[in-house]
Amino acid sequence: MPDPFFTPISGFDLPRFAGVPTFMRLPHVEFDHPRFPEVQIGLIGAPWDGGTTNRPGPRHGPRQLRDMSTMIRAQNGATGARPFEAANCADLGDVAPNPADLMDSLQRMETFYARVRAANVRPLTAGGDHLCTLPILRALAKDRPLGMIHFDSHTDLYHSYFDGTMYTHGTPFRRAVEEGLLDPQRVVMIGIRGTAYDNEDRDFADSVGIRVIPIEEFHTRGVADVMSEARDIAGAGDTYVSYDIDFVDPAFAPGTGTPEVGGPNSYQAIEVVRELQGVTIVGADLVEVSPPFDATGATAYLGASIMFELLCVMTG
Amino acid sequence: MPDPFFTPISGFDLPRFAGVPTFMRLPHVEFDHPRFPEVQIGLIGAPWDGGTTNRPGPRHGPRQLRDMSTMIRAQNGATGARPFEAANCADLGDVAPNPADLMDSLQRMETFYARVRAANVRPLTAGGDHLCTLPILRALAKDRPLGMIHFDSHTDLYHSYFDGTMYTHGTPFRRAVEEGLLDPQRVVMIGIRGTAYDNEDRDFADSVGIRVIPIEEFHTRGVADVMSEARDIAGAGDTYVSYDIDFVDPAFAPGTGTPEVGGPNSYQAIEVVRELQGVTIVGADLVEVSPPFDATGATAYLGASIMFELLCVMTG
Amino acid sequence: MPDPFFTPISGFDLPRFAGVPTFMRLPHVEFDHPRFPEVQIGLIGAPWDGGTTNRPGPRHGPRQLRDMSTMIRAQNGATGARPFEAANCADLGDVAPNPADLMDSLQRMETFYARVRAANVRPLTAGGDHLCTLPILRALAKDRPLGMIHFDSHTDLYHSYFDGTMYTHGTPFRRAVEEGLLDPQRVVMIGIRGTAYDNEDRDFADSVGIRVIPIEEFHTRGVADVMSEARDIAGAGDTYVSYDIDFVDPAFAPGTGTPEVGGPNSYQAIEVVRELQGVTIVGADLVEVSPPFDATGATAYLGASIMFELLCVMTG
Amino acid sequence: MPDPFFTPISGFDLPRFAGVPTFMRLPHVEFDHPRFPEVQIGLIGAPWDGGTTNRPGPRHGPRQLRDMSTMIRAQNGATGARPFEAANCADLGDVAPNPADLMDSLQRMETFYARVRAANVRPLTAGGDHLCTLPILRALAKDRPLGMIHFDSHTDLYHSYFDGTMYTHGTPFRRAVEEGLLDPQRVVMIGIRGTAYDNEDRDFADSVGIRVIPIEEFHTRGVADVMSEARDIAGAGDTYVSYDIDFVDPAFAPGTGTPEVGGPNSYQAIEVVRELQGVTIVGADLVEVSPPFDATGATAYLGASIMFELLCVMTG
Amino acid sequence: MPDPFFTPISGFDLPRFAGVPTFMRLPHVEFDHPRFPEVQIGLIGAPWDGGTTNRPGPRHGPRQLRDMSTMIRAQNGATGARPFEAANCADLGDVAPNPADLMDSLQRMETFYARVRAANVRPLTAGGDHLCTLPILRALAKDRPLGMIHFDSHTDLYHSYFDGTMYTHGTPFRRAVEEGLLDPQRVVMIGIRGTAYDNEDRDFADSVGIRVIPIEEFHTRGVADVMSEARDIAGAGDTYVSYDIDFVDPAFAPGTGTPEVGGPNSYQAIEVVRELQGVTIVGADLVEVSPPFDATGATAYLGASIMFELLCVMTG
Amino acid sequence: MPDPFFTPISGFDLPRFAGVPTFMRLPHVEFDHPRFPEVQIGLIGAPWDGGTTNRPGPRHGPRQLRDMSTMIRAQNGATGARPFEAANCADLGDVAPNPADLMDSLQRMETFYARVRAANVRPLTAGGDHLCTLPILRALAKDRPLGMIHFDSHTDLYHSYFDGTMYTHGTPFRRAVEEGLLDPQRVVMIGIRGTAYDNEDRDFADSVGIRVIPIEEFHTRGVADVMSEARDIAGAGDTYVSYDIDFVDPAFAPGTGTPEVGGPNSYQAIEVVRELQGVTIVGADLVEVSPPFDATGATAYLGASIMFELLCVMTG
């Protein structure tokens, strides 16, 4: 029988728009909480966008994702999964960044996630911009490189911006490969599209063996075929899943800083996650939700729905 | 030759954004109007959302649907149908609900629709939340159960909410089956998806023989195949069509209280109605349009377009 | 030295947009929390708008007020007050209403506040529509009638709506007087304006001795003079403060269901609260913030600022 | 006893957000309606903005003003006036403009208002841009020049735009003076401000004797003093009142095409109308409400409130 | 090596949200600029919507399209094309229309484009409403009729509106055929849908040999098949491409005056342009983007993306 | 006679919504432009918000301020000033910041403004967050400390944030005093209000002799009296004017990251600038306009109006 402590409040007891909004109405359990040692999956906010080179806002993502996530119910309507019964899930709160100091923020995040990992809690993070994934990987991949399944419209593999700036939301995976946090042969990037500066990122991917599946190939082959290849690439080893909301077409996810038209619809956005069943997921994130560009909350609601699907495959 | 009285004002005579907005620019004909006895199809607003358990607003639906509906022209571009010439259509105004008394509102609505039915007017209703459909069915199905084709992301078949509350927008069809207003064997629910509390609603559907077509099946089989089955289920008997705007994906219909991602696009939203040709429709509704969550009016415009398609099949 | 447990998280430790949003970043302390007995002032959400006869939405008020309230810092810039050090304040969470049952909701709220009062906690409530104040008064004024200082553009003194509906957000203070919860001689209503149905509410006020200060008088006399009279009317006895956000001009507080133009500006909105210093406040509320009509959050931010000022005078 | 036909539907019978929205819920009485001969004051929409040189949108004004005006109740809260009992008021519908032909539109409007005047109906018009006032004056002032009290941030007295274009919303009163429709000695313009092209308009005003009261003078002298002078200027003769919503500060009336900062607040916006008591008003308008720039409807609501105040002084 | 003068500023040198916004960050080169004679493709704004019969706003299109276009980078991610290196492109500024005089505006636009053509510059225009295309064709097709590939939900082939108004955004191509500017046998219209007044436009198309591909056929046959036919119809001769943003479904392009539901998604919106490779394009436009109905800029961003794809095929 | 080159395009020649938007339609003159040596006042964008500790967005300020500034005409309606004739004004474009590197951005800005100063151009800057003022002061005050008149709701005098972060938008003037860029005895801060962390900033002000005028004093004394004192404090020496848009009440300027309720209205916002006549202004800025929080552009329009008034006193 599920532990009532780790059971989200039902909409039949407290209306879904009511109450202090934690992720999916889970208990708020910070490191010093007595039940923290029992947590198996930690939902964490990374309210930071200091790596953003274009339109800012993902620092507000965790707040709005929490808000919209209270509309999520207990059971996956399609698969029947009940993730909150399959694992002890909790809202660990937000990592505290330093909005005015990039390097300090990277350090604060790495320290936080190291503590999460030390407690054997698998993190499901709500960003934040995509640079947040770098300190997470530093904490999770300290001892061996991870595979990664990456949904995005950009590779985030650039070397640097603005005359040598090495840390932006366009460079995290270049750094992660350089630092040995990712095994490029076990990395696949899906949905890449939009105008490009040049071929530098794609050339790098080719040179290290990262598989890039552009959106044209995605639309031609379909979800099932692409995801089958993705599972093969990730293999049986420990794998991280990084989901940039700009993977999805901006009609479905307008609230993001660097949208690219021509992406998947919301059904495909969810299907790709369901196809992760069987992957050994050691952590996952949903990043780049930017509430200031998402007046209606639609993007955050889609983001919360994706987080729920991620939770289902992490506990499946 | 069409009766000028029942002919909507053309956009060539008065620009489509101008004039007092009635549904589709039809004449406003209340019960005591001398031409009321000639009305064959009545467009009616049900400005009530007292059954809403989540985000409110459908009480404003009729107003905004009227507003956007004045952009509708005389002829169906795809089928060539000219519904306003095929039947005498009129805007019957709004049923007057009691925003602060649920049971009184149900009674007021039933009384109104009983009068509509007594006049042999087929109603096409603009909701209002989905609980509005219950008093409509009470009026229309007084003497025999109806079949129903139901587009929605939710079954609305729950037994009760909040410790025994029997009347909410999540329960109307449970009540309708219990009251003998619907023949469950002739009911089909299309597009069901989203997270669920549990299986209670689906178990009930199975137990009484309601056919539920979840969105995954819809996307796999396609509109034509699904709708062919739907027509078979409804059969030749009197049938009600209930269309919850949250059937459609929230990118196309953001203005609703309980959206679920992963739904049909706007082309499919209209195709399914066109596939109703031949069904014996005794009444129809378009519910759950919530203007406070629809800043641009896009949802109401789609809703008005769906109402026009419903009118085409009701007069086809 | 202030108790760290009851001290809001500083924006210097966690940025103000980050973290699980409780009211003013106070600890979340529900009835069963071990520190509950130490709470002196409880900030409570009443997410219910079932009494709303016009545009709905205040059920979402507590959520958005919590969100914006995290921008509030520790000290009143004008008066120097540091309310979180002057009393143990906590976020008690939301009372659970029943969105589809008015009478049940009134009962649930009364029960909740009875428990609050039994614990000697003074409540500062974030509504919710104005009918929420009735069950609060039922709990707080059980043993003796209270005085009331009431900021609003409406008297909320009507007898009934819609042919005899006794409980709406236009009737709470009629009921409260009838039930002996308010001492009408110690009640003052400030800011009344807008079009009216008739004189029924004002006639009732006159008949029982409630002092109504219409907006014209407010603008002519000014804040200091009006509030001096208000303090005299309330006197030394136990007094409730009820603040309907539609007291403020809609340019400053657009997010409300029944705005009336011509009201006070935001500086006056705060000045009137500061002038409450010395009143014996046994409870207070800020109601009718309606997020669906407040896209930018400006109304909620003003509302949170008013709540902070109320807290300052409650602890002053 | 008031004629029920000319009595707006009460919000106690049909909620104020419900029903087909006519101006202030008055009966919709077009020229061929049997009760038209009894109408004394006609509320008319002029959905046209073909004279707009800057941001368009006032063609949508009448629709949104009707929508928001259903929140107006029967009685003026400040003065006690009940205008719908003082005169037979009706919604005459919209004049049909030609959005793609300026001269044709001017002709259509003049013809419409000539018919209104011939029926001894005093018009209260909801614009539309300010050029709409010219054909209204052509119809109302055919036989003698009128006085005019004009609230605006612009004089609208320019000679021409764009190399000789004589008809724009910046020129109507230059034309009206030239055509002898206005008696410049009986014209006062209040609230003028903002950046200017040059002094051409002000020089013209001076040359013909139009009194211009810039906003600095308005703020210094106050409403009562300024309006006393305005009444003196208009005198006892027939007077037209033209109210451009951009008279009001854009914080209170954002939805307009050419806002100018530094204007009156909403209380002053209404006070100036109340000060018209005693003026012989033969017609009035409220123009330049532009819904595409008024997402929340706040401007239209203020506009409807001003129209109600105009109605009160027209029937006072 | 590319000429630095004609090279857009890179986002690595100046962030993409910064700087004076020209189209795609190209140099601003008006007729009198010393480098004008070197320009090969001119991006031009046509800020005019005087032909709009419904909701206005496209006059603001060029401004917002420029704004969003600064997010476009140098290279087509799908095809690898680098159009700014393939031809000298520049922002020629806006043609100056007369907002209050339709015929004068048509003349001003024709004169401007005649000058563009005389300089052998191929124009890529950002509208403006669809009537803008008529003066462009008058300038470009003076000496021989052009073929045209036209993406739209409307044919814009009506004879007249409002009792004989010949020039509206619903009539440009009727006029263009009558004036011999288009060779109807080489014209194809793709995506036609929505409600219709009648069959007048389609009958005219049939009578002169214009091929109309309604949306149902488009969805059934798919992009590749439809566009293959389109290329055959246009043939090898000089061809104009006119792209009305309302071709795209309103979920992807809400910011337009006369949306029609059921259209292509954003991927198809771009695919159809890529399929123009090989067509002899003498000019192109993207019209009917209406910023007042596009609060988030999503429509303008899609429009800018389409303009970039047009540029790629114009230089391919 | 004014030089046509430095004369903004008139709205009578090109409608005010048209054309490539430079500040106030001035010529775009970068450092390498042949007319640069003639520029006397340079309008500059500082699109950077890396110092923002709360809600981001001012990096988008210059773009939106340029957009709205094209509605500004040639002449000050109140004072008759024609600033574009009084000095050669030009849009110098944007300084290029590095969004992902705070210290690099400060350096880039200082370098840019040093070049501006070296050319004897007085800068009028559109921010950007308030930290942008620090590098501007470093360039302008290299050789002697400046006086400063500072409009704001915050002192921006804090020592550090987040455990020692010295450079945020809450610290620029602490740094400027420490670095000897400001003469604290000649500095006045007007409008200070809102909740505070503590008294650290005010204590520092007192200790160095900065005069702080809180909003209560401002409202009590009025604009003329306060500004007379401000002019006295600044004296005859070189003075910088720094205007944070959050000085103004959020109803008038919602688009900013850290609003504080209870501020001046838009008329006072402009009056205070007019009262600067006679001050020796060596540079000025308008900062903290945050377009993502300013959906309607109202804040940017007010900001552009304030910039125009600043220009008038800088050239007066």
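Residue numbering begins at 1 within each chain, and the chains themselves are lettered A, B, C, D, E and F in the order written.
The rule is short, and it goes like this: contacts are C-beta pairs under 8 Å (C-beta built on N, C-alpha and C of every residue); 3 or more make two chains touch, one makes a residue touch a chain.
Worth saying up front: this structure is predicted, and the values here are computed from it rather than measured.
In this assembly, which chains make contact with chain A and also with chain B?
The shared contacts of chain A and chain B, listed by label, come to C, E.
Tell me whether chain C and chain D, two copies of the same sequence, contact each other through the same residue numbers or different ones, using over half shared as the line for same.
different
More than half of A-B's contact pairs recur, by residue number, in one of A-C, C-F or E-F. Which one?
Of the listed options, the interface copy of A-B is C-F.
For chain D, which other chain has the most distant CA centre?
Between chain D and every other chain, the largest centroid distance is to A.
Measure off the straight-line distance from the CA centroid of chain A to the CA centroid of chain D, and report it in whole Å.
Computed value for the inter-centroid distance: 55 Å.
What's the distance between the Cα centroids of chain A and chain F, rounded to whole Å?
Computed from C-alpha means, the inter-chain centre distance equals 39 Å.
Chain D: which residues touch two or more other chains?
13, 15, 17, 53-55, 59-60, 99, 161-163, 249, 251, 265, 293, 295
What graph shape do the protein chains here make by touch: line, ring, star, complete or other?
other
Which chains are in touch, pair by pair?
A-B, A-C, A-E, A-F, B-C, B-D, B-E, C-D, C-F, D-E, D-F, E-F
Could you list, by residue number, the parts of chain D that touch chain B in their complex?
Residues 13-15, 17-22, 28, 45, 47, 59-60, 62-63, 66-67, 91, 93-94, 96-97, 99, 295.
Can you list the chain D residues touching chain C in their complex?
Interface residues on the chain D side: 10-13, 15-17, 71-78, 80, 249, 251-252, 265-267, 269-270, 295-296, 298, 301-302, 305, 308.
Give every residue of chain E touching chain D within the complex, in rising order.
Its residues touching chain D are 49-57, 59-60, 98-102, 104, 161-163, 165, 167-168, 292-293, 295.
Write out the stretch or stretches of chain B touching chain A in their complex.
53-55, 161-163, 192-199, 214-216, 219, 249-251, 254, 258-259, 261-263, 265, 293, 295
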